[in-house]
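Two complexes are shown next, each including chain A; its partner changes from chain B in the first to chain C in the second.
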Partner chain A sequence: MTESRIDYYPTHEHSGFKYRRGHTLPFGAHIVSSGVNFSVFSSSATSCTLVLFRKHEAEPVVEIEFPQEFRIGDVYSMIVFDLETEELEYGYRFDGPWNPASGLRFDRNKVVCDPYAKVIGGRDIWREAPDWNHAHQHRGRLAFDDFDWEYDRPLEVPTEDLVLYEAHVRGFTADPSSGVSAPGTFAGLREKIPYLKELGINAIELLPIFEFDEWENSRKHPETGEWLLNYWGYSTLGFFAPKAGYAATGRFGMQVDELKTLVKELHKAGIEVILDVVFNHTAEGDHRGPTISFRGIDDRTYYILTPEGYYYNFSGCGNTLNCNHPVVRNMVLDCLRYWAAEYHIDGFRFDLASILGRDQNGAPLSNPPLLESLAYDPVLSKCKLIAEAWDAGGLYQVGSFPAYGRWAEWNGKYRDSARKFLKGEPGLVGEISTRIQGSPDLYYYRGPQASVNFITCHDGFTLRDLFSYNNKHNEANGENNNDGGNDNESWNCGWEGETDDPGVNQMRRRLAKNAICLLMLSRGIPMLLMGDEIGHTQSGNNNAYCHDDELGWLDWSGVSKNREMLRFTAGMIHFRREHPVLRGRKFFEHRDTAGSGFPDISFHGTHAWQPDFSGGSRCIAFRLDGAHAKAPDQSIYVAMNMFWDGLPCSLPGPGEGKVWKVVVNTSMPGPDDFYSAADAPVLHDQHNVIVGPRSILVLIADQK
Partner chain B sequence: MFSVHKQGDVTIIELEGSIDGKTAPQIREDIRPALDETQKAVLDLTKVVYLSSAGLRLLLLVYREFTARNGKLVLAGVSPDIQAVMSHTGFITFFTLVADKERALEAIGGPAK
Partner chain C sequence: MALDIQPSVTGTTGRLKLTGQLDGASAPAVRNEIEHLLTQKLDRLVLQVEDLTFMASAGLRIIIFAKQRQPQLKIYVVKPQEPIIDTLRKTGFYDAVYVQDTDPGDEASVN
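Now for the complex of A and B:
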């Protein structure tokens, strides 16, 4: 019957290309029966022309101006028939006034990229030098949406059960030591799934994978001559297109299939996929930047502009996307729905998310429509939504980000207090005991799963460097060490940088283990940084955004060199995942609601039941009662002594008919630093222990 | 470009050149009659130099149609490059791949003697 529909026949013809009026929605370019439907929005253009290219060719095959009757409202749409979909690239020319002060920057000499392009050509192979003379660097292509997902769908792991692993797709396997067949790609990452599974994480958070230009702001280091690139990719060209250069098959235009295959295989291994998304700005920069897409289509709709028509810079990257404009808001929604539905993405982490809560003049909103829409969206209802709850314009909303019962946050306060506590600063005991509980001071009405706990992330020192450097060493970035944060709360343990001193190295290892231990025992969602489990170093660089080299790549020889750290980290992750008492959905009530004779959580010091919260204290212990866990569990006792000497601690009881067994003692070298449940030795003295200097001891209550 | 020959009850279809968005629809029409009258088929890709996304989709479609009516179909002679692409994009999991025509006959149950 389909052949009998009249809308499958062209009504117009131009240079041999047949076309007719199209469907206004959805926006973008879609393959329809016998043709391709193009639809694009501009509120102020006077005309629009569809420009079609053969793949890679400089000159267009044809340009078709949208007849005025094809425009409905502000939307231009048309169906072009008999196109060779695989070989097609497209863009638009918009005609209209040039008046930057009013946010009008039309230039019909430029071919701009469709904001809804599902595939973007132009950077097909990572780091392949572009032809800068090419007038149209980034062009839309078509995506097939017929991927065979079989029985897959997003995993919907309860938020409080997640263990996140933050990774850079390229950096994870680009180094030859990774031993994968397609280094630095989605396919390469897929080959490492067994490693991730063994480590025990159940969610991977990928640094930006939307199409970006690694050559943006690229330069050579004045002294070393090394290329410095836009390696991290926090600068989006198109919100619907995966990064072609991250796909081994990008050269064949098959990045969509490759990424979907990665997601499907991660899901089979029980690992969720969370995307780091950057909706705060685009790759077009400020008024001096290139016209790639948004600026040439509808400048004043897509960007927050000053009254003079310049770009507000709340992102620190030149421009600010106008997220609470209804049109832009819909684009963000369409985008996330697309990734959730078409790519089965499990959640999103929003870079500089506070910008999403600013109005069209930049002022913070108390009830931001975009954040509310995302929280209540029917397609996104099971997605994890995680905010980086601050921006570069001075908004800091950790604990106060508009959450609507849905949003979690990167808990920057957890990071800061954990670092200070771990390096032995006094006066942190009270604060750290709050952080361990999931930060009820910040998230009382939202629950501990609102807190993404982390000590390191891509931004800042790696865990190894955190305890190897007092100061950042960013000279390799070519900015005279002026970039990157200065408030690192790091400690070099007595020597700045690498050393052969066995005492210093032993201390560093121990502090790193303490950090992993603290993270895995805290209520909330723990997040690890890629490589921390095998001692990855950036040689003291705390802002490695531009290093597509050994500095930014994971060195897999760490697996054998730092076997002890890997074993410990994997052990702790598995320990967390085996014990529901560590993963409660609710905050502790500090009383016995289960009739076990113990409160759900109790705090202790060198004397049982007598925690020392005084200003000079560096030691705190707590007991989690298994009877209060969300599923029946054992009780756990943790003593954290960040003092430089060992301290004797008297113990609370393990419960009727139970004995304390040792699971973790970071003062011991491996393999006695961690015992699996089957091997955990019974504690010799059930009433008193010595907790070593700068060490954490974990006991578990088991049957006699 | 393609050729068809029979070995017992197995139909062997040899494809040649590029299978991409341009050639795929025609290839599908060309090989359909030969596939329609057999239950056992080998698609020999030894002489295929390029297989695009649309080419892979054509193969998957043919494979699905064929196996839906309980036919047995294997791919033979897929070059390492094409195998890598099929592997990275997940297509490989849907097919039975064998090194060459001889192995294909074994895998498929051989020509009836």
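Now for the complex of A and C:
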């Protein structure tokens, strides 16, 4: 039927290539009957030329200028017939004025990449040195919508039930110790799904996987000569294309299939996939940066510019994407819808998300159209939306990010107060009791699931380093230790760095367990950093963004070396997932609404029912009543003593016909630090207990 | 290296013996052969690939094409070389086909 339609016949010919007027929407390049539809926007160009390459070849096979009648509004569209879709690469030349002060940077000598390119060639194999003499480094390719998802779809795990695991695709398995067949790739990560399932997490948050250039700003360390790369990838080349270098099959152009297979297999294991997305800036940098795409297509539309035509730098990376321009807003929406629909992505974490709430002059908006659109978008309606609610321009919106009832936030205040509390600072008991409850002071109208609780993330120390270093040690970054944060709230436990001192190491292990414990017992969404469960260290480096080496890669020998920590962490994650009383969707009411004789939460101190919130206190206990859980559950008592000595605590009752059993005691070495429900011993004295120094004790109420 | 394609049909089993390299240039010819085979009532499609030294993404897409064109069709990939098995595994296609060392014969499969 379609073959007979008049709109599938060419009307023009150039150098043997037949073409006709195209469809204006959707933007990008799409396979249609007998050809490929190309559509691209530019508001200020005077003309546009489609440039077609055969894959990997330096010179184009043909350049076809869009006839003026092919332009509708600001959109150039064309169908080109009989192309070898598997072998095709494409880009555009735009003609127009060169006047940077007015945001016009057209240069028809450059072939620019389609902002909607679904696959981008040029960095097909990770770390393969590019040919720098090549004029057109990054080119669009076609994606094929023929993946067999079978019955898969996004999992839609209730937000409050999530346990997030933040991971870097390459760093997770690049180290030879991973033992996978395709280290550092989507396929390699797939081989580790059984490990993730055993650990117990049910969502993995991947550091950026949109196409980026690992060679951007690459340099050799002045002393060691080691290559320092754009390893983390927070610098997007194309928002619709997966990172080819993260696919073992990227050399064959099959990164789309490999990534989709990973998502499908993770879903089969009950694990959601959250993508860390970077819409605050692009890889084009400031006015000295390369013209790759956006700048050469419509500079003043895509970027926030100063009155002089320079780039505002709210991202700290040279430029700022003009997210609340209607065209850019639509691009962001199109992009996320694409990932949700085509890749079955379960949610997104937005890097420096506060930028998404700035207007076209950079001023914060009270009702940012982009954030509202994302919150109410029909395709994204079940996707998790998580904001890093600050930016590099000084906007800090933790607790006040425009949420529209949908957005969650990385809770930076949780991280800061948890770290201070864990290292034994006084005056934190009141603050930490609020954080444990899901931070109602920040999210009262949004619920505890608005709070992504974390103590460590890719930015900053690993958990092991948090309790091994007082100061950052970023010399390996080649920036004279000037990069990375200085407000780490870390504590080295008496010795800076690695030591053989058994006392120091024992203390470090205990504090790390306390951190995991605190995280898993707090209301909200807990997030773990990759490797914290096996004592991953970056040797005190708190900004390993450029280390595609042992510093940034997970050392899997930690599985055997730190078996105790792994067992404890997995135990705590499973404990959380087994007990709905820990995962409430609403804030506590501090009263008995279930008729159990106990309030939903009650706070205690060294004396039951008498919490000490005074400035010198370092100990707080709480009892969660199982009758108030969202599904029938046992009651739980938690005592957290961050004082340097053991403290006696009197206990509230476990409830009629129940006894307290010990689940966790971080003052004990493994395996007595954690008991499964079946093995949990009955507490000898049901009324009083000693909570060890800098330790957490968890009891569960069970039938006598 | 060019691709040699030898199609045959026995009963409800279609076969393609592929020799050489299946790349973007040769893929359309394979696809045409499969389209032609699928005009007949087939239960099984056997791809004999022992002498296939390379299969580009275009080749894998043909397998998907055949599967989606006729979902009940059982596709056998017989004696693939290790790089092809590797690519099938990493892209998830391995589970959609029967990869084995011997030709399944002409009878209806019990797999």
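Here is the rule we use: the second predicted complex is superposed on the first by the 704 of 704 C-alpha atoms of A that agree within 3 Å, B and C clash if a C-alpha of one lies under 4 Å from a C-alpha of the other, contacts with A are read in each partner's own complex, and residues count from 1 in each chain.
The definition used in the following text is that a contact is a pair of C-beta atoms (placed from the backbone, for glycine too) under 8 Å apart; a residue touches a chain by one contact, two chains touch by 3 or more.
All figures in this text were calculated on a predicted structure; none of them were measured in a lab.
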After the match on chain A, would you call chain B and chain C a fit or a clash? clash
Regarding the shared-chain residue A:296, is it in contact with chain B (first), chain C (second), both, or neither? neither
Between chain B and chain C, whom does A:261 touch in the aligned arrangement: first, second, both, or neither? both
Of the two partner chains, chain B (first) and chain C (second), which one does A:233 touch, if any: first, second, both, or neither? neither
Partner chain in contact with A:84 - chain B first, chain C second, else both or neither: both
Counting only touches as set out at the top, which of chain B and chain C does A:393 meet: first, second, both, neither? neither
Enumerate the residues of chain A that count as touching chain B in its complex and touching chain C in the other. 84, 86-87, 144, 146, 148, 181-182, 185-187, 247-249, 252-254, 257-258, 260-261, 264-265
For chain C, which residues are in contact with chain A within the complex? 24-25, 27, 56-58, 60-61, 64-65, 67-68, 86-87, 89-93, 96
Mind listing the chain A positions that touch chain B in their complex? 84-87, 144, 146, 148, 181-182, 185-187, 247-249, 252-254, 257-258, 260-261, 264-265
In the complex, the residues of chain A that touch chain C are 55, 84, 86-87, 144, 146-148, 181-182, 185-187, 247-249, 252-254, 257-258, 260-261, 264-265
Interface with chain A, chain B side, in the complex: residues 20-22, 52-54, 57, 60, 84-85, 87-91, 94
